[in-house]
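Some notes on the structure that comes next.
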Amino acid sequence: MNNYSKAGPGPSLRAGLIGYTGYSGAELAGLLGRHADVELVLLNHRKAAGRAPDAAPVACGPHGARTIPHIPWEPRAIQSNKLDVVFTATPPEISQELVPEILAQGARAIDLSGAFRLPTAAEYQRWYGAAHAHPELLEQAVYGLPELHRDKIRTASLVANPGCYPTAAICALWPLLKNDLVDRTAGVICDAKSGVSGAGKNPSPKTHFVQVSENFSAYAILKHRHVPEVLLNAGVDESDFAFTAHLLPTQRGILATHYLRLKQPMSLDAVYDVYRAAYAEARFIRLYPAGSTPQLATVNGTNYCDIHCTLAPDGRRLVVISCIDNLVKGAAGQAVQNMNVMFGLDEAAGLLP
Amino acid sequence: MNNYSKAGPGPSLRAGLIGYTGYSGAELAGLLGRHADVELVLLNHRKAAGRAPDAAPVACGPHGARTIPHIPWEPRAIQSNKLDVVFTATPPEISQELVPEILAQGARAIDLSGAFRLPTAAEYQRWYGAAHAHPELLEQAVYGLPELHRDKIRTASLVANPGCYPTAAICALWPLLKNDLVDRTAGVICDAKSGVSGAGKNPSPKTHFVQVSENFSAYAILKHRHVPEVLLNAGVDESDFAFTAHLLPTQRGILATHYLRLKQPMSLDAVYDVYRAAYAEARFIRLYPAGSTPQLATVNGTNYCDIHCTLAPDGRRLVVISCIDNLVKGAAGQAVQNMNVMFGLDEAAGLLP
Amino acid sequence: MNNYSKAGPGPSLRAGLIGYTGYSGAELAGLLGRHADVELVLLNHRKAAGRAPDAAPVACGPHGARTIPHIPWEPRAIQSNKLDVVFTATPPEISQELVPEILAQGARAIDLSGAFRLPTAAEYQRWYGAAHAHPELLEQAVYGLPELHRDKIRTASLVANPGCYPTAAICALWPLLKNDLVDRTAGVICDAKSGVSGAGKNPSPKTHFVQVSENFSAYAILKHRHVPEVLLNAGVDESDFAFTAHLLPTQRGILATHYLRLKQPMSLDAVYDVYRAAYAEARFIRLYPAGSTPQLATVNGTNYCDIHCTLAPDGRRLVVISCIDNLVKGAAGQAVQNMNVMFGLDEAAGLLP
Amino acid sequence: MNNYSKAGPGPSLRAGLIGYTGYSGAELAGLLGRHADVELVLLNHRKAAGRAPDAAPVACGPHGARTIPHIPWEPRAIQSNKLDVVFTATPPEISQELVPEILAQGARAIDLSGAFRLPTAAEYQRWYGAAHAHPELLEQAVYGLPELHRDKIRTASLVANPGCYPTAAICALWPLLKNDLVDRTAGVICDAKSGVSGAGKNPSPKTHFVQVSENFSAYAILKHRHVPEVLLNAGVDESDFAFTAHLLPTQRGILATHYLRLKQPMSLDAVYDVYRAAYAEARFIRLYPAGSTPQLATVNGTNYCDIHCTLAPDGRRLVVISCIDNLVKGAAGQAVQNMNVMFGLDEAAGLLP
């Protein structure tokens, strides 16, 4: 089952999506709906349904857009629709219900929630404040950051798609940390800023336009539930790491500014070389040339993670900036990238023109 | 009771405010709290309470800001606090409960809802879709647009503070209509655009930042409940009037563009003269010089209504633009202006520096 | 030369683009760069060059994005690069220089400026305030709104791509006017609102973020240079038409609200039927169902023009709303659509997934 | 000259302002124009003139706004207008010309540029890339942060009004650093985010609405010219300090997030007590209660600097957030506060209601 090979032209991978009304799910439905190798089925799950969208306008003349079927979710839908893979863009407690059913029916699963990102039930309990319903799956799940774990993802049955903040932070920090170039005793700092879609589609006083526009604020200072993903995957101890989230008055995009100190003085070129080596196979990591300015506008709408380094004259104090679109590389695009890796497709299929 | 006279320096008018958590109420609390002639009491009404605001920062050193008392609303609070006037910034059905109690206790009332703006219970039923609880007060209520009804407001016990859209539309249209200069058969059009605070503080999918930012939409096309106020006060028949509301991605401000045809050709100067004559006593109507561009930025945060006219070469087709801050001239500022008129204060007290 | 037929798979139409640093030109470079049937060459013209963009980030791993050649513009470049078509996204006075050179070299031309949209040099002089350098081309040019002029566009050597406001206004008004359903004596009104990219990329006090954000203003009231395109193509006299432009605090998008009166009472269904008939072949006109709300978010990033009608109870006063992305259907997308029609490609190639 | 005493009611301090078309200067003109103790004269300086503003609307009825005289700047204007103090909101090279003339005429000067903030010509040369025209004044100038230097400001002839970023950073860092509570070897980090008005009123590609909206970017990483002010006044070595500036898509406001490590574990209460003690006289420093969220909306339009601390469980890693309005506490409001201190007025006069 796991060795998928595409035979001939036309869509040949069959994918299901549960949870397509939230921001990540809607973005994923769009990406999969345009993916040349994928035939998509939307699986309507009661608890993940959300409100009905407003009536949409209808084209007058002939229009060739693919029609995407909507059917009710039930485990048998996997076999009756011959689904190879099912995406769950649902809250973590619902994902915990659905994923075992998906796997039991013989499909592979890519979960966009935080349900399967941590390695133990104890960690999950600590950071999510609830017991995990299926701790046995935590061991089996592979953390879906292809830039770090491509080989494991290839054969995984269950991929835990990373959080948006962790994607930005890990991509920025991992190359230097894994090469043991960082003086951890000086602290590793991630000051992250995210657009409002990161807070979800549920209306609340905090996401009201009048509250957000012309405003900017910090939240979850030193205690965001995305922190343990960073610790585990970038390789840094909790006692050495500081994380602050901020809410930008933008629809999307994360820019994270990292501060760290190198063990030994390096040149900026040498620092960039570390990234080049670590990401030699990474098609979605881009390095910003020195002197230019990283910005959300360059990554929004893409699956790229852009990285930029600035070194102090002492050759040790380093500022690393990473930018992603929180709904693409931070969610839906990365999920597609994971699917591509899992099924032997071109890793950039459906993500680059 | 109605002949208030200020004796000596310092605040001497005692005002109560019910409903201070919505946008208009909060704006009004700010204006009244800084008004040199007013001592303000906030009256906490259960149904109008809203959620508690976030904890606010506290100044370190000595700070001289007036402390505004919060007390529970009950009718007896009017006499025990010697209130001269009570503002109600509450939904229309609550205003209908509260205003009779306020008047019965001997205070004057200024209501910011739509509860008392229409002259008959039948009209109210038609536009608000509900029966009016106190039709007998509709006759007594004075429509609180001082530029039109200053004399009646002076002695009114109950003032119905106008809607935000009607304030912009009536100020733009009334001078030409009352002088019978408009060819009504060609239609009188008001194309109005408002910032999001006009939609209220309640979070909803329509006010979510991600929905509003970089977006613009029309709503309530030809059927806004503010229409009858315009018809009655500007003096135009429903069959000759067209109104469309639009939602701007801004926090505040209304700009309304009006299209009409004059009966006889006029010069632009003559048109402006009509406005100058109609508003000779109006301190908050400003006329834009020809050639310049009206904009929200010039009125936001003020009680002004700015007006600008453009005449086609035929001297008959006319575009009249009016701009207000929907929360000031369209709500709280106008309520203060009404209070100033009712109690013989300087009409601009607390509204101009 | 004009009967282009695509032989076999892969890009086979060769296109040049002069002027790719402005908003429309950059959008067009993006659309053509991803168009499966087009091989694009960017032609660097000194006067249209603009400032060099900031240095862009570079992908670490292998990346398959097509490289688009940049070469200096000179007339001989057309033959040496075997260009079938050249787009000019340049100011009108530069387009007047370039287009005759392009045509003389045997390529077809699509001009995005206003240089060739009006039928006579006198009209051009009146609205653009300058003499036209090549009046002989005005007769030859075809107005590139495929929904109206598809047949003429097919064989045209020179297509004048419409303005953004006219695209929105003509699509909304033309079906009713050409069927003589409108009482023109009551006036035809277009109240149009556009995002800031419509004002061009040149920095000015009027496009500064601090000036635009949280602001909204009217401009070019009754005298925009886009007006004559509407008059000519929708079929309405200047004396019956009123147009006002407004600047929205958004990056893109136009929403235009039209007010008109029907000669005879109609039902809303009958009105929509007029549009359905007029646009039976139009793949980019979408009709909004009654009751729903048209908005920029639904068209931005697409080549659609969305249309929505509201009828007063008298069956005669009508509000027609149209929405487009000013850079796509209002500029670059429409230019691609014109190219598709001119060269016998699928009209939606490169514009729909 | 320096011992100003206010005699009787009404404005009695006479102030001049050179440079009133930029954002800071216009904000200052507004604050001084409403200040009950100040009579303001605008001094028109050729090089600082900027473009003429658009024509403004004119009130119809009587209006009592104070008329502020505009006269040409020349040194003799100081004596002929009996000016006690002159504000210069001009570029640093122009301030260096003007301030000696102002002082020579016997007025006191408050300069809003960076011309007099650094102690030596060498420092000025290093950070501003130009020779200082009047190094002798650098010694005489007092750094105008009243929370730190109130006593020196009282008697100063020349006050150098602080930069916006330094105001936010120094207010956040100084109490802990002066009490020697910080482990400087771990680094002191200031990650600062500012609204667009901080970039000045001059239109540029970087301040174009289309570039800024829905975007966010970092700039001046580790090398902003505001850094030396922070080092000198907060008391930290350049080798221990890291500063990054970011551009927010807002009109105003700075939020700066600081990361530092305490020498010894402390409780959060003890940390806040350090701030309370340091700012016991500071009327414009507000401390946010734990658990709440600092935000721009709470300080914009005010002269407050809001501060919020979060401590890690180890009692040593500390995040300090400070918020100011860059045009008020970061420029014009602080200039008024300095004037109040210099002339023995209530420190909050004209700044609190």
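As written, the chain order gives the labels A, B, C and D, with residue 1 at the start of each chain.
Simple rule for what comes next: a residue touches a chain if its C-beta (ideal position, glycine included) is under 8 Å from a C-beta of that chain, and two chains touch if they have at least 3 such contacts.
Everything numeric here is computed off the predicted structure, so don't read it as measured data.
Undergrad: State the pair with the higher C-beta contact count; candidates are A-C and C-D.
TA: Most contacts of the two pairs: A-C.
Undergrad: Sort the other chains by how far their Cα centres are from that of chain B and give me the top one.
TA: A
Undergrad: Averaging only over C-alpha atoms, locate the centres of chain A and chain C and give their separation in whole Å.
TA: Chain centroid spacing, chain A to chain C, equals 37 Å.
Undergrad: Using mean CA coordinates as chain centres, what's the chain B-chain C distance in Å?
TA: Chain centroid spacing, chain B to chain C, equals 41 Å.
Undergrad: Measuring centre to centre with CA averages, how many angstrom lie between chain C and chain D?
TA: 47
Undergrad: Quick check on chain C: which residues sit in contact with 2+ other chains?
TA: Residue numbers touching two or more other chains: 211, 213-214, 249-251, 293-294, 308.
Undergrad: Considering the complex alone, what residue numbers of chain C touch chain A?
TA: My answer: residues 33-34, 54-66, 213-214, 275-276, 279-289, 291-294, 298, 304, 306-308, 348, 352-353.
Undergrad: Would you mind writing out the residues of chain D in touch with chain C in their complex?
TA: 23, 51, 196-197, 201, 203-205, 207-214, 249-251
Undergrad: For a test of understanding, state which residues of chain A touch chain D in their complex under the given definition.
TA: Interface residues on the chain A side: 185-187, 189, 191, 193, 195, 211, 214-219, 221-222, 239, 242, 244, 246, 248-253, 255, 257, 259, 261, 293-297, 300, 308, 310, 312, 314, 317, 319, 321.
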